[in-house]
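Each of the two complexes below includes chain A, the first together with chain B, the second together with chain C.
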Partner chain A sequence: MELKLRSANNVQILELAGRFDTYTAGEVRQWIEEAAAKEPANIVVNLQGVDFVDSTALATLVQGVKNCRQLNGDLRLCGVQQSVRMVFELTRLDRFFEVYSQETEAVKAFAN
Partner chain B sequence: MNAARKNQESINEVYLKADVIRLTVPAQHKFLNVVGTCIRALITNESNVSDRDTLIYNIELAVHEACANIVEHAYAGLSGRIEVAFTLVEEPRRFIVELGDNGRSFDLSTVSAPDLTKPQTGGYGLFLVHQLMDKVDYYPEPGNNHWRLVKQY
Partner chain C sequence: METLKVRGTLNEIDPVIDYAVSAAYQAGLNEQGLNRVRLAVDEIATNIVVHGYDEAGRSGDLSISAEYDEDQLTIYLEDTGEEYDPRNTPPPDLTTTLEKRPLGGLGVYLALWAVDQFYYEHKQDRNRSILIVQKPCDHPPCLDT
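Up next, the complex of A and B:
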């Protein structure tokens, strides 16, 4: 899996590509833990290039949201592919995450 | 002829007619994508499949979660292998996945479903296996456990 990091408007952005699963989730978990420990804990995870998400990836993102919200921040998602979206719907996590189609929208939403 | 033997012969007959692909992978998370790649290739070969991408993802994710369970719980850090068999059967068309391991057994009936009203940081794996496949059977036998997952398409 590829990870690209950047920031915009005080929001930390993590762009992932490839397979986000038990084998690759450790690196993502570590980055999110570090990013979520700094205020403002505002994170956007761009999943546009992710074609496979498993239960460990879901758990990693859920923990990330919980960490961010403890510091009054949030972790938001964007670019979720249709097949990956199905996993969020089955687990009803689509109701828990704020999901945007575009990264710019997700970043802009933090300003509101 | 007893019923069990008759049933086994009937299963054997189906398998002889069907296309079966077998592979063996080390029980490590890093090799589970190989199993997924094989599923994708087999479904891609099939003609007249509606919503092929969703079918592939459903089967790939269910099998991945079952294999991850074997790595984490059956072998629990010990080295081992997962025997995988894919069978494509006609009438009704179905994709059968069998997984074998030599690790510890567990009681599938004691695994509770996650509370979907609250976000969880674990427990979605076996829930997804059941949600994504039409039939899920687990035959625990210490040192020779067997999963059978079936998806109609």
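Up next, the complex of A and C:
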């Protein structure tokens, strides 16, 4: 899996591509833990290039959103493909995340 | 398809998943079917490695084989880890708040959702998980009824 990191408007952005699963989640978890420890803990995870997530990936994102919200920040998602969206809906985790179609929208929403 | 055997470690799960996806493709499953097979095999194989081997202090192999016909794909996962029937896993509570939501417990739920039938056997110290995905009868309706 590929990870690309950048920031915009005080928002830390993690763009992922490939398979987000048990084997690859460790690197993502580490990045999110570090990013969520700094205030403002505002993170966007861009999943546009991710065509597969498993339960470990979901757990990684759930832990991330919990950590961010403890510091009055948030972890938001964008570019969620249909196959990935289905897994979020099946586990009813979709209601815990703000999801945007575009990364720019997700970043902009933090300003509101 | 010829059986693939790997060591039962997380590092070696990828080839197992690739095997399952290849089998699903050869069986003629559509994209949704491919995704379901990938999800189910990922979750069951991960469970075998994490719970059946690592947490039980055991080590061993993980093998995968597959067969298909015009109606369905059947995948067999075999290991020598701790005996455990995934169907005995309590279903997750999906109604709780984010704060109370446990991080784990979704893998088996997703795997069992993803397949049409799931069987588990334990014979001669070997665990065998059998995953069956039916081929969908896509629109227009099948004419072979």
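Going forward, the second predicted complex is superposed on the first by the 112 of 112 C-alpha atoms of A that agree within 3 Å, B and C clash if a C-alpha of one lies under 4 Å from a C-alpha of the other, contacts with A are read in each partner's own complex, and residues count from 1 in each chain.
In this text, contacts are C-beta pairs under 8 Å (C-beta built on N, C-alpha and C of every residue); 3 or more make two chains touch, one makes a residue touch a chain.
This is a predicted model, so every value here is computed, not measured.
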Overlaying on chain A: chain B and chain C, fit or clash? clash
A:58 in the overlay: touching chain B, chain C, both, or neither? Say first, second, both or neither. both
Does the superposition put A:23 against chain B (first), chain C (second), both, or neither? both
With the two complexes superposed on chain A, say which partner A:8 touches: chain B (first), chain C (second), both, or neither. neither
With both complexes overlaid on chain A, does A:91 touch chain B (first), chain C (second), both or neither? both
Which superposed partner A:37 touches (first chain B, second chain C, both, neither): neither
Touching partner for A:83 - first (chain B), second (chain C), both, neither: both
Overlap of the chain B and chain C interfaces on chain A comprises residues 21-23, 52, 54-56, 58-59, 62-63, 65-66, 83, 86-87, 90-93, 96
Which of the residues in chain A end up touching chain B in this complex? 19, 21-23, 52, 54-56, 58-59, 62-63, 65-66, 82-83, 86-87, 90-93, 96
Once bound in the complex, which stretches of chain C touch chain A? 10-11, 13-14, 31, 35, 38-39, 42-43, 46, 50, 92, 94-95, 98-99, 101, 103-104, 106-107, 109-110, 113
Can you check the complex and tell me which residues of chain B touch chain A? 29-30, 32-33, 36, 53-54, 57-58, 60-61, 64-65, 68, 114, 116-117, 119-125, 127-128, 131-132
Contact footprint of chain C on chain A as seen in their complex: 21-23, 52, 54-56, 58-59, 62-63, 65-66, 69, 83, 86-87, 90-93, 96
